[in-house]
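Next up is a structure, given as structure tokens.
Going by the order they are written in, the chains are A, B, C and D; count residues from 1 in each one.
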Amino acid sequence: MIGLGKYIASINGKEIELLVISEDTILFNGKEIKFEYSFLKKDVISLRIEGKNYQVSLSDEDSQPEENSYSLDFYSKKYETICRNETDLLIDKFSSGKKDNLQKNNIKSPMPGIILKLNVKVNDAVKKGDILLVLEAMKMENELKSPRDGIIKKISISEKTSVEKNQLLIELE
Amino acid sequence: MIGLGKYIASINGKEIELLVISEDTILFNGKEIKFEYSFLKKDVISLRIEGKNYQVSLSDEDSQPEENSYSLDFYSKKYETICRNETDLLIDKFSSGKKDNLQKNNIKSPMPGIILKLNVKVNDAVKKGDILLVLEAMKMENELKSPRDGIIKKISISEKTSVEKNQLLIELE
Amino acid sequence: MFKKILIANRGEIAVRVITAAKEMGIKTVAVYSDFDKFSMFARIADEAYHLGPSPAAQSYLLGEKIIEIAKRTGCEAIHPGYGFLSERPIFAKLCEDNKIKFIGPSSSAIEFLGSKTNAKDIAVKANVPTVPGMHGALKDLNHAIEVSSQIGFPILLKASAGGGGKGMRVVRELSELESSYRQAKSESLASFGDDSVFIEKYLEEPRHIEFQILADEHGNVVHLGERECSMQRRHQKIIEESPSVILDEKLRKEMGECAKRIALEANYSNAGTVEFILDKNKNFYFLEVNTRLQVEHPVTEVRTGLDLVKEQFKIAFGEKLSVTQEDIIPKGHSIECRICAEDSDNNFMPSTGKIGYIQKILGNGIREDSGVEAGDEISVYYDPMISKLICFAETREAAIEKMSRVLNEYSITGIKTNSGFLLELLNCKEFKSGNYNTQFIEKEFLNRKSESLDQESELAIALSSVLFKNNNVGQSSGKPIIQTKNTEWQKKKFNSYR
Amino acid sequence: MFKKILIANRGEIAVRVITAAKEMGIKTVAVYSDFDKFSMFARIADEAYHLGPSPAAQSYLLGEKIIEIAKRTGCEAIHPGYGFLSERPIFAKLCEDNKIKFIGPSSSAIEFLGSKTNAKDIAVKANVPTVPGMHGALKDLNHAIEVSSQIGFPILLKASAGGGGKGMRVVRELSELESSYRQAKSESLASFGDDSVFIEKYLEEPRHIEFQILADEHGNVVHLGERECSMQRRHQKIIEESPSVILDEKLRKEMGECAKRIALEANYSNAGTVEFILDKNKNFYFLEVNTRLQVEHPVTEVRTGLDLVKEQFKIAFGEKLSVTQEDIIPKGHSIECRICAEDSDNNFMPSTGKIGYIQKILGNGIREDSGVEAGDEISVYYDPMISKLICFAETREAAIEKMSRVLNEYSITGIKTNSGFLLELLNCKEFKSGNYNTQFIEKEFLNRKSESLDQESELAIALSSVLFKNNNVGQSSGKPIIQTKNTEWQKKKFNSYR
């Protein structure tokens, strides 16, 4: 069952508004558009819009549904999307003016490995793309870069500590 | 977790006794045999006995666990097995002398179709292999034969009735 | 090349044609029945549109509706696949009338070659040997008696309007003629809407060998070698291979030339197959022309390196043949096995249900054309064939070993398939020696006794039943299984065995 | 032929060798680490035995233990695959000492050709052009300064004891020499336990072309044509193809002969690869010999129809080569793409996790060598390559179209793969025109800007996010999503839009 009503979906920052008016019809740019879909798996959708076929899958790992953020894979390319329905829009209006764009605060380890080099201390100011630390895994050195400009709020690892996959490493303000 | 103790497994009628003495060891023909296994799917087992690899899958449809009967697929060939543990053996001893071999009473429709010809009436005596009825499906005529000698107890269909998959058609005494 | 085409079929052949078109930058439009709404072929086409309810008669056989969708979506051509509308002249005519290219021969060629008797005339004109028989259809029972005594028993009663074993009866003596005559006519009427039948000499231990032909619309034609299709059950092919063990170079060349002469005589274009029948003494006779791409076309593709579906697109687009007869040098040996959803232990009853798990390890020299994947439903609405395994190797022995390895590792849950039957068939001495004919399965193979299990395999099956029992997998139906808990006492007791 | 062999490897190459052996009736024994207990390769071998914990150093690299298992289970030979022990002379020696046939060259040939400097001597003796450089290893920094000024910058510092880009530094001016010299020595020590380095001329825009050779133990050797391997990132090959667009028949013949001369000079036997480097003016220089079967061997198999693994078995069993140079006529064009579990949007960080769903539609002319299936875990213990897609077509354009179609339909959940990156790479103008070199990816391709989405695709992604949101799929982490119920009121409200 799909919740009827307005949705605003932002794809890599670009906003798209659509109105779900029934189980198989949406209103988009003033036009009624028919669609059908089937969940091949809980994280894979086969979607048909006005006869045109699409297949989209969800990367569970990178999605944070509680923050309305869904990381989608569209023909092997990744798209960060935020999808808000009318209720979310209301909440955003009255909440503490949470900044609109996707708030990437936590930097988690993408896989098990060992911290080779830590380049930052708490309260350091960092720019998007700065190398925060170097993680060694499988004889390869992987640099973890800052997803945005910000201030280092908390660091929960030090050099030489070994980390698990998805373990929280650094938090930004 | 595997229940320890004695098991008697009959394969297409041939009886094999084995004793499960731990999570990875059985006693068979007086010899201790090591084994490992993994359920690839709930109905597919990858089994390794003393290093030798086997793969066995279960046909849910034809198995009747409540009657300890498991229809197994071993390298694309089917084996009807009955597997009883010590408790089952006790029950059999005291129960109403239920005949030992597999009691195929119910003849169910293997697939949706239409009854083309019904060759038997209630109380007819039939031999194993007699053609009880002809089921028409996909422009093909499929004869349903009697699984064993017996007497027709109940017939729940008549000619021209269309049937669903697994629908009960005929019951033998 | 065409910009957009419609695929009027489903399952593995639809996937085959769609992928070939996409590889040539051609946009693809699929049509689907209710059942096939999100089947693999309907998902991977660029566009897909609904035809009707699941039964073929209300969906894949609706010629007008398919044409209407093709026009609405701007398709320049329609590929019919095999079965369904592929050999119906009316559909090809409908395409021609609506200026949509039918990817296949002309409607007149389909119509003409569709009738066994006409096809026979063409063969005679192309001086290709035909099975001793009569001309035209039988008028009545007396006519049947007259002709059969002339040709001499055993004779074969055949439906003029169709093949695939429908409306066919072998008659060994005069006494059986009347009942077989009636049955043949009624079955032919039921299957093809035309009850005309004719009589032919019945050949003992016949082998069925067919030649793939490719003809463009400019009078050029080539043959791509033979396919041996004698491994059949109820006239349905199960295993096809190429080359045939019994053809030598001379006979192959002669039969190939006959196939080409027939194509030219019938003004045939696009892909087609000329079927021959060989008797015990390797005399060959023309049988019929299949005016479509066949299920077993990959057997020829892996030996010649040609993509027949793409050649069909080029021919239909008006291009000249890109190969001459000299360019075609088939290499090595190939075998195709048709994987069908049927229970070979239960009279090949079609098997339906949801596919749970498929394990198949292909690798070097193995190709699979499939239309299903794990999670898909198999229904009674359509043909039970779900996929084809095609192997290529340098020698026939290597090809048999390779296919056996794949079938041995092949495992599927949720439905039954004939993979075990195919594995046994491949390794029986008749197949290995190559001397089998179209009656081998029904006459001999079906009453083979099954090999006994070695002790180690027996133990493996027994132990598996214990594991499944403990895993309560069989919970699905009714009474709870009594599960003994491993009490401390029990564990102690068994340790004493150590 | 061997009755039983042990496969000392894992993943896709283990599956490749096991299936090839089974197809020749050879019994197969697999060895596995904790992680691989029920991995595909360990399941399909006839027998499988435990080696040790998951890290390679405690399992797949334990030569003695592998030999012990081989002896215990009666294996007559061991196939090392690639990587792991395949190029360690000590392991080959261990096999020889224990009378177990090492399926590959002799331990002395491995040892000799393993050192870059020795290999260079062989090339000189076989009068094959080598990259201008020095002889033997550098004694100290001054020696390095002397040699580099002699050859002239830019120069390349290389580790004697190994390849794959480890211990390698490009030095464009004298000022950079000291730091690069130190780094090269330390990295080489870390990777190969030997810090000796030497200097070679650094070639601009180099292309990496290798020749597959097959040599039996009776002095016969053939080459099976070239593989173009210039599409690399951090010295790891990503796409290989054959034939190379820049070789003409003359150059191909000349380089092929050079490869054979080197094999003979080095008394090489079994399968091997002679790597060359070409500069902008198509001058070729010998680079090194890979004394093993390579990841990209299928590229050669699909063009020649030969099964290189089976040829390896025959050669190791002492048989003469079954083909002469004249028999080898590579046909058509083939491309291989290495599917790796890595995040190409995040600096190619290895991706781990459980594979949920794999959709791959292969079909005509596509082969996949894979070691994983849906449900399998991908870990950091081993190489991130999970499978290889190899396509064959008559022309290069058709091969690119075919591979693009497969990659476009390829979809996998649970881990990230480079399939999207491969698709873009295949269709960039440099690859399509064929003029790319080993530096193309890092120098140009990585800073390409991504194409913008068309409006229809944008809508599809937006609508999918709505569907996922409603399907509460993302429940896995924390706070419940607020779900609006479709009250009657709401439904009425929207109907007014109609």
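Going forward, a residue touches a chain if its C-beta (ideal position, glycine included) is under 8 Å from a C-beta of that chain, and two chains touch if they have at least 3 such contacts.
Because the structure is a prediction, the values reported are computed rather than measured.
For the pairs A-D and A-C, the larger set of C-beta contacts lies at A-D. Distance between chain centres (mean CA atoms), chain C to chain D: 39 Å. Centre-to-centre, using mean CA coordinates, chain A is 32 Å away from chain D. Look at where the CA atoms of chain A average out and do the same for chain C: the two points lie 48 Å apart. Inter-chain centre distance (chain A to chain B, centres taken as mean C-alpha positions): 50 Å. Listed for chain D are residues 44, 359, 408, each touching two or more other chains.
Contact with two or more other chains is made by residues 40-41, 52, 55 of chain A.
Under the contact rule defined at the top, the touching pairs of chains are A-C, A-D, B-C, B-D, C-D. Listing the residues of chain D that touch chain A in their complex gives 343, 345-347, 349-353, 356-357, 359, 380-382, 384, 407-408, 410-411, 413-414, 416-417, 419-421, 423, 450, 453, 456-486, 490-491, 494-495, 497-498. Taken together, the chain C residues at the contact with chain D in this complex read 15-16, 19-20, 22-25, 40, 44, 298, 301, 305, 307, 309, 331-332, 359, 361-369, 373-374, 392-394, 398, 401-402, 405, 408-409. Residues 1-5, 7, 9, 11, 14, 16, 18-22, 26-28, 32-33, 35, 37, 39-45, 47, 49, 52, 54-61, 63-66, 68, 70, 72-79, 81-83, 85-88, 91, 110-113, 137-138, 140, 142-143, 145, 165 of chain A are the ones touching chain D in the complex. Note for the complex: chain A touches chain C at residues 36, 38, 40-41, 46, 48, 51-53, 55. Note for the complex: chain C touches chain A at residues 37-38, 42-49, 73, 375.
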